[in-house]
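So that you can tell them apart, the chains are marked A, B, C and D in the order they are listed, and the count of residues begins at 1 in each.
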Amino acid sequence: MDNLTLFIIIPLLTIFGILFCRDHKQVKIVSAIGMSLQLINAGILITMFLLQRAAGNTDMMLFVKDVVWYPSLNIHYFVGVDGISVAMIGLTSIVIFAGIFASWEVKDLSKEFFISLIFLSSGVFGFFISLDLFTLFLFYEVAVIPMYLLIGIWGTGPRHYSAMKLTLMLMGGSALILVGLLGLYFHSNPSGGPLTFSIPAISLVHIPPDVQRFFFPFLFVGFGVLGALFPFHTWSPDGHASAPTAVSMLHAGVLMKLGGYGCFRVAVFLLPDAAHQLAWIFIILTTISVIYGAFGAIWQKDLKYINAYSSVSHCGLVLFAILMFNKTAMNGAILQMISHGIMTALFFALIGMIYGRTHTRYINEMGGLMKVMPFLAVCYVIAGLASLGLPGFSGFVAEMTIFVGAFQHNDVFHRVVTVIAVSSIVVTAVYILRVVGMLLLGRIKNDHYLEITDAKWYEKLSTGVLIFSITAIGLAPLWLSELINNGLGPIIDRLLVVAH
Amino acid sequence: MLIMRHELLLVIITVILLLVEIFLPDNRKHTIILPSILLFFIVTVLGFIPGPTGELFGGMYATTPLILTMKNILNLGVLIIFIQSVNWLKKIENKGKIGEYYLILLSTLIGMDYMISSGDFLMFYLGLELATIPLATLAAWERFKEKSAEAGVKLIFTSALSSGILLYGISMIYGTTGSVYFREVMGAFNATPLQVLAFIFFFAGMAFKIAIVPFHLWIADVYEGSPINITSYLSVISKGAAVFILMIILYTVFYKIALLWRDVLYVTSILTMTIGNLFAIRQRNIKRFLAFSSIAQAGFILLGLIGQSQLGMTTVIYFVLVYIFSNLGAFGVAGIISNVTGKESIDDYDGLYRTNPLLSLTMMLALFSLAGIPPVAGFFGKFFLFTAAAQKGLYLLVIIGVLNTIISLYYYLLVVKAMFLNTSDQPIAYFRSDAYSRIGLLMCVAGIVIIGFASPVYEFILSLSHGLY
Amino acid sequence: MFEGVPLTWFLIVATIMFFIGIYGFLVRKNLITILMSLELILNSVNINFVAFNKLLYPQHMEGMFFTVFVIAVAAAEASVAIAIIINIYRRLINIDVERIDEMKY
Amino acid sequence: MINFSYTVFIVLIPLIFFVLLGFFGNKFKPLVSGIIGTSGLFISFLLSCYTAYQYFFVVPKIAGAFPKLIAYNTVWLRFTDTLHIDLGVLLDPISVMMLIVITTVSFMVHLYSIGYMKGEKGYERFFSFLSLFTFSMLGLVIATNIFQMYIFWELVGVSSYLLIGFYYEKDSAVAASKKAFIVTRFADLGFLIGILILSITTKTFDFISLTDPKGPALQQGSSILFLGLSTMTWSMIFVFMGGAGKSAMFPLHIWLPDAMEGPTPVSALIHAATMVVAGVYLVARMFPIFVISAPAALTVVAYVGAFTSLFAAVIACTQYDIKRVLAYSTMSQIGYMMLALGVSGYGGHEGLGYMASMFHLFTHAFFKALLFLCAGAIIHAVHTNYMTEMGGLRKHLPITHLTFLIACFAIAGIPPFAGFFSKDEILAAAFENNKLLWAVEYAVAGITAFYMFRLYYRIFWGKEQHYSHPPHEAPLVMTIPLMLLAVGAILAGLVPFQNLVTSDSLPFENHIELGIAIPSILIALLGIGIATIFYRKETNLPQKITRTLGSFYTAAYHKFYFDELYLFITKKILFDRVSTPVAWFDRHIVDGMMNGVSYVTNSVSGRIKGFQSGQLQQYAWVFVSGAIALALAFIYLWTL
């Protein structure tokens, strides 16, 4: 068994194990063990990857495994990783690990809950290791569909509506992706040989620009829906608000990254001409996302809505950076995905924990929580500071890389939109501090809150892992940045060839 | 003789069962169930044994490995239906009619086999009628229910009208080409106005069977009125057989006017998908709901037909296979619930998961397969259908198709929502379904889960589909 | 017997019958009458077949055979239909087609 | 060559103590954590002194100038081959000077806080934050590149935020901390844009290459134009915006008075001596670029500095909260420093303003920290911030009184106290370059003396108030820092800055010009005199004056309504006019669009249900007409 396939096998085995559990406690333990193994596996993968690179292996993809699946359609089970996927796998395993512990108190149908959650994660892992568009698409949908049950059954508020909306919009996105994938497939071999879904193979092909122009919007918007591209982001606030804690974490933390990764790996990488020609439209949209999400967040009163809009803003930055087509900005995009993934997972974990104690998510009903639950409050402040891009946390690294990268363009358009995007950091500060101020500081508004207890061990573990991650990246970003750069090489080369 | 072995085997067991039925004393009529299933199981297994292929009766009957596969697929479906029906047949009101049920189903199956294997329009017509008329009696099965009688009337009258129109089309084909043999018609068919008329009339007749808009209106009422096992038979086997033969005829007889029928299918598939979906959204009766969903599915199948190629052809057969398993899974669950509780409304499914988790899971898998959600087989089927359509460059159609999958996902999720998300004061209480139902559902689930991942299934069908188009 | 009668005449008759059948099917309210209209449709088809066979392609008997089978099938169809109509009559004491609309929308 | 790599520890020690106290602080007794924090700073302080000694007196000069030494450098994040963020230690005269200033003041404040914060909740938190701040500030001054500076710039911002909001249960403190952070963040946006512009024009972040006379920044000069100004000018204006925000320059000054909500030692450390001068330090750091490539930006610096100093001085005269008076006086003094930089040239005596600015920064740190700590001691004694509730405290607080008086003389510019020397240099530099600005500063010098002594007299003289309990002198741990700083406030002016810290690191000859010095002493004395007349005894003269000034006084009292203006912009414009509509738009238009799609689908589904009427004949009708329509359409399309 190769290392990459293990990323799909481990969740499936875990699910299998959960099926045989007798009670709630066993389920949790099995899930925790499974996801710890996954985390270890990710650690091993990253180490092995770095060792391989250090040993001078310069292949674009490492640990490649290629098994023919549908010979007639040339569909393969084709997996492999470059620096970017490795980083994303690391992110996913961290978030799912923390997610398991954040949902330690799910009692109702806990078996089903953990099965769905882990199944979802297997889809995400599969997505990140896939090099074949078919399996990529398959895993993409596998990752999306459990959301319906997860939100619908274990959610809060208007969960039925939100779950339906989220699922339909995301599946709408995947429908567009499907069109784009078919377009790619049927133009994957202009010289008339066998068609292919293989990403590396298609990346060697030059698809006629007019064809590219037709399919690029499908792919970009399709993935963009999941990446919360304006104006297709409205599933996000409702979905996040209704989702249970771990689902919000995983969704905002990882699933939304599928969008960015897809835009990057499929839309931009495989259709570079169109990407260059049509970038301006999407740059405008993403710039709107960035600012609009931030302003949208200021007004909200529900913690999850605030965070959801903040995610729109931050994920907008990811897509924005991808469209900048230079190594620095794209590196920043990946960094931002990872950073935002962990950060927002942390946020949602904390919101879940706070909600579990106060039974409200409205910031104007809370206040002074710092006094009664210092651990969680400090974590929240840290998450907030990370979110507003404070140095020492990962957000700063990512945002600065994006801004510097985006600003390197030689034309006014790119620079102006960069400056607009940069200005989001102020708005971010406004809403983060507003929340921190209203939620944690000040006087306690409700006497019931005096009885609140601070974090339990599993909550500390969950948040601790995430905080450790953002701080580790924030303090020593170079290795991650180099890791990503490593994977960016071929992609940038392809884009540059087109540009000239 | 071995060339016709599917039909002959069926005829043999039909006769055997008929004799047994006749000589069984009245109070022991129900003992025919197990022998029927076993006999049919043997037939199904025998069908998979490779054997000679070729033509009989001067070309009136023809079979190829591909056609054999189609028949095997139908056999599989019927086997599952047989197993799933046991529970229902054992009910008191069906006392004394059990044998009839098997006999009628078997005879319609014989009709379908002949229809698929037909080499001329006469054989085709006979097969078609044999596959249709008995079904009306099945639809009107429940003598004491008005709905059932209504279903029977609607089925027999509309089918008679459609076969009238189809015959009119065939007569025109005969008139303009001078033959009813496929081989000869093929050579002589052009797009003269009369022939276009003939083709459209012929197509309307087939479209009736497959339930293509605007020839679909009977389907919802008939599905709703019939007993649920009959509905599942109508929706998968009858429809599947019609799709097979339509495909064969389009690809062979009418290949010269492929550009024309592709346009016809283009228009009707858009209509079918969209109208089917729009009606399905607002249904609360599970059978009616599945009826409209099956209309929409027919629209998707047309996508594969349009992608007139080896890929398209394989995909259509593959999709029908997947569709049989998925739809039978859904109908199976609905049938069990209906038999045990008499409830057929989706609203009654509220909170089903809490009381009957396995049934709900099966239903969910089946619906996801119908909706085309991975990792179940429906995803592969839908994906390949779209691939087939995209192969011809019909991206607009693909776009409309994928948008329709979203609508369809919506209403499939509505059922999932009822079962998993909603809570109810009076949920359907827990019950143990009997062994037959379980086996039936297990076969469906196995099919739904395995077929997609097992690429050899697809590749096998593909390997057979050379040279037909 | 029909020497000199052109094919067109047969076809015209058949077409008229066909549409009369259709018309009857669409407007008559009695199920039995509708069944009769169906027979008209089928018979128009039979005329077509026979005429084509006799006048255009006399060398084979395909049209004739077809006609024979259509008649036989029509009989079977009618018998099933009438059986169901009787059943309807038992339930509704009526065979008005417009009353059969319990299931709709 | 001397190995300076130990300087890393000057920065790292506070960080280590921050982590230590932050994680394990609650395990110690409060006093212990205070002592731990203080001792950490003491080590840093000693190391800085040693560094300063070595740097100024041991390291050989290169061509007569103090060298720029990179004591340590490591790549932290790489953007492109040339653009990368390094973390390192740059030693040059100003950074070494700043090390001294920061560690000294910080050490004093730590020591003072042991007494001042006694009994407060969150004692260890306070010390860990203080350590964090010190770490950030030290990191800022030793930055080897502008991005490192930006990193620590943000970090000092956040530690300031944390410390202002230290009393997090007090709403006003929370609001003040938020305001401080957001306003400076807004300014930092400018800083960041400035950095971005630099990144494309010079392709480097490194200070040494940036300020290298042969480097791209200076060579490029004003070649690329945008909206009439060169890109370097734009860049420097934006960078200065960052500096202005941190240093509370008009119009980004509004956060500083509110920041006084923080504990007084914090005000002394952050909002008087160190962080607020970061803007000055930034401009000084980039000075060669300002002078050579962006003179227009330097002019902006000068005028903003001058205006702020006047503006703040006027407001300071009207305030009653003693910490706010000091806050405005800080703004005013920083305005001086900015102005001095703004009027300065490069090299030799031309660079007098630069030297003066740094000199003033140095001396100001001592006396302003002293003032704040004294204020802290006073507040500690009487539990109020308002001078109206004070009076006659000189008998109760002798040490505080004396040290406060020294500081007042220092800030008023009376020789031989420290402020005189540095202020005199500034006035001299202004006089040489721009008479208008000189005039303004000259007036401000008088106003400064006036409001400082107004403060002094209202606190220590005048009628004694009824205190809830008799005020008593602060404990020794608090008074020792006062006395030490008082010594600094007296002696700091004697440091020969022209030999140590100059624009081109070359010493130059400088002596006090009596023509500038004497008038400025006179106006200071005048200010003191007026204050003495007004406030030494209770009189009604001030009321008369305020009545005469009327609306001007009211406006000054209300800080010229800048808070209201900002509130209007943020609350009314951004929140009500931008954010609320955005949220509405999102809910109703964008989301409505998506819901609309589903609504339309559903309603279409409802509309067309009539087709499925249940009528057999209608089905047949659709069937037949469908077939015929298809037939006709395709016959038409295909054969005609």
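Some observations on this one:
Basically, a residue touches a chain if its C-beta (ideal position, glycine included) is under 8 Å from a C-beta of that chain, and two chains touch if they have at least 3 such contacts.
Everything quoted here is computed from the prediction, not taken from an experiment.
Chain closest to the overall centre, judged by the mean of its C-alpha atoms against the mean of all protein C-alpha atoms: A. With A-D and A-B as the two chain pairs, more C-beta contacts join A-D. In terms of their C-alpha centroids, the spacing between subunit A and subunit D amounts to 36 Å. Rounded to whole angstrom units, the spacing between the C-alpha centres of subunit A and subunit C is 65.
Between the Cα centres of subunit A and subunit B there is a gap of 42 Å. Computed centre separation for the pair subunit B/subunit D is 77 angstrom, with centres defined by C-alpha atoms. Chain contacts: subunit C has residues 25, 34, 100-105 touching two or more partner chains. The residues of subunit D that reach two or more other chains are 598, 609, 612, 614, 616, 620, 624, listed in rising order.
Residue positions of subunit B touching 2 or more other chains, listed in rising order: 153-154, 157, 161, 165, 220-221, 282, 410. Interface note: chains touch in the pairs A-B, A-D, B-C, B-D, C-D. Only residues 311, 314, 368, 373-375, 379, 383-384, 386-387, 390-391, 393, 395, 398-399, 402-403, 405-406, 409-410, 413, 416-417, 420-422, 455, 458-459, 462 of subunit B touch subunit A when the two sit together in their complex. Residues 22, 25-27, 34, 97-98, 100-105 of subunit C are the ones touching subunit D in the complex.
Only residues 609, 612-617, 620-621, 624 of subunit D touch subunit C when the two sit together in their complex. Against subunit B, in their complex, subunit C makes its touches with residues 11, 18, 21, 25, 31, 34-35, 38, 41-42, 44-45, 48-49, 52-53, 56-57, 60, 62-63, 65-66, 69-70, 73, 76-77, 80-81, 83-85, 87-88, 91-92, 100-105.
The touching residues of subunit D, counted against subunit A in their complex, run 75-80, 83, 85, 147, 150-152, 154-155, 158, 161, 165, 168-169, 171, 174-175, 178, 181-182, 185-186, 188-189, 192-193, 196-197, 199-200, 570, 574-575, 578-580, 582-583, 586, 590-591, 593-595, 598.
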